[in-house]
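Every chain is named by a letter (A, B, C and D) in the order it is written, and numbering of its residues begins at 1.
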Amino acid sequence: MPSEFRYARRVQFAETDLAGIVHFSTMFRYMEEAEHAMWRSVGLTIAERGGRYGWPRLDAAMEFRNPLHFEDEFEVVVRIAALKTRTIQYEFVLRRGQTPIATGVISCICAVKGADGTMKATEIPDEISGKLASFVTR
Amino acid sequence: MPSEFRYARRVQFAETDLAGIVHFSTMFRYMEEAEHAMWRSVGLTIAERGGRYGWPRLDAAMEFRNPLHFEDEFEVVVRIAALKTRTIQYEFVLRRGQTPIATGVISCICAVKGADGTMKATEIPDEISGKLASFVTR
Amino acid sequence: MPSEFRYARRVQFAETDLAGIVHFSTMFRYMEEAEHAMWRSVGLTIAERGGRYGWPRLDAAMEFRNPLHFEDEFEVVVRIAALKTRTIQYEFVLRRGQTPIATGVISCICAVKGADGTMKATEIPDEISGKLASFVTR
Amino acid sequence: MPSEFRYARRVQFAETDLAGIVHFSTMFRYMEEAEHAMWRSVGLTIAERGGRYGWPRLDAAMEFRNPLHFEDEFEVVVRIAALKTRTIQYEFVLRRGQTPIATGVISCICAVKGADGTMKATEIPDEISGKLASFVTR
């Protein structure tokens, strides 16, 4: 039973910096793109237009092992390390072929938009946690 | 009577690309930052939280003369070339000291958000056009 | 004989802004991504590591017709409007299905890196212009 | 004797996402901007044109407490938690007035560019560690 999701990506020119490599802040975007592709893979979207739910990030961290260059093809492997009542913790591995690029984590919390526009933490709907359950690492 | 606005900026590391210069798409962001600073200078904001109005871009164009490098200090000069019933056309000049960097134009239209979330063109409120009038080139 | 190239793309979360649509500066990045994919399709890269050539942009322009939203799938159609001794002018059409999103142009010039790091305009190598010739609109 | 550096910044439109707040990847850019401003404050630059040294990031992490919105003014407080032979560990606090926004860390390593373009770890030059010493937390 698959408990991870794989997202393939190529480095774009505007994602590099003067050091000739992908800027580290963009590596965080790669993780998020993989997260959202994982959601799509089970028929979900993390940001429904006009939807009630949002997923503010609680924390994010990465360790960088090797750089990515322009036009490099790489993959992001996503797993869910913890799927709790209100929060999700993702784990990510970035690889270019057999070369380790980076590892990372992102935690987020389920929130609903209040009438005044502010977000309030709430429980993850069953429909969502049910569909994401297959990615939870055991 | 001043008919232009000046915005000072420094190039940040993440704005450069592997060619060692600011990516051309970021030059468009510099123009927009100057536009918004111009609005603030007369007590306006282009995106009020919970506000009704939006300003979708109709077109944008730039000509590039010289590159910008990391930590370069430059200025963006903004003028309003045309302030019409529903649209604004801005003109921009980017300079690093006496060195010409780029020139550009952005046109945008005043829009209100409908109940279904789509934007619909409308007339620019008098309060806004009145405050921006001093920047119109004659 | 094909004289255009098609590049498929999906909108990512970080490419949207508070108006809920793709920021206009990112639309310029979409055009450039399509340009680079076109080069790859004929065995070229626009930025060889350690290579001599660079392709500074001379100008860029877009007209925006309809917005793009998160997770929208769209395509960028690229043609070469003019392939001259030193310069290339691209034309772009962005579409989401049958919905027109934007049109644009980018002009760039072939340059070689001098010993002092500055770029100097030069003639486009035959190997490159030969491979790009099939995309020139007649 | 001051052992921290303060960097003032305003949120720009293109830094927000469809949730109406600054995208979390941009928060990492804010930390880096503050780092580079700290270097400038003691007469250093982290990326000298044609220079030998680079500062690849080893890891980066943030915890997010409150969101930033368009045009928010905030400050980034930077300290150096550890200044070692080859590495620097920074600590960051982001605040909007008295409101905590985020905290973070970035570690980087001093590297020299080899003839083949790859980076190799090396000792931090005395001139640099001397100038940064005043920011080291004791």
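Operating definition for what follows: a residue touches a chain if its C-beta (ideal position, glycine included) is under 8 Å from a C-beta of that chain, and two chains touch if they have at least 3 such contacts.
Not measured: the values here are computed from a predicted model.
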Interface residue identity across copies subunit A, subunit D - same or different by half: same
Furthest chain, CA centroid comparison against subunit C: D
Selected interface, B-D versus B-C, where C-beta contact pairs are more numerous: B-C
For subunit A placed onto subunit B, the superposition rotation in degrees, Cα atoms, nearest 5: 180
Computed distance of Cα centres, subunit B from subunit A, in Å: 33
Subunit B and subunit C: spacing of chain centres that average the CA atoms, whole Å: 23
Between subunit D and subunit B, distance of the C-alpha-averaged centres to the nearest whole Å: 28
In subunit A, residues with contacts to at least two other chains: 13-14, 18, 20-21, 25, 29, 32, 47, 49, 69-70, 117
For the subunit A and subunit C complex, residues of the former touching the latter: 12-14, 20, 29, 32-33, 36, 40, 45-47, 49, 69-71
Subunit D-touching residues of subunit C, taken from the complex the two chains share: 13-14, 16-18, 20-21, 23, 25, 49-50, 69-70, 117
Interface residues, subunit A side, partner subunit D - complex: 18-21, 24-26, 28-29, 32, 47, 54, 56-64, 67, 117, 119
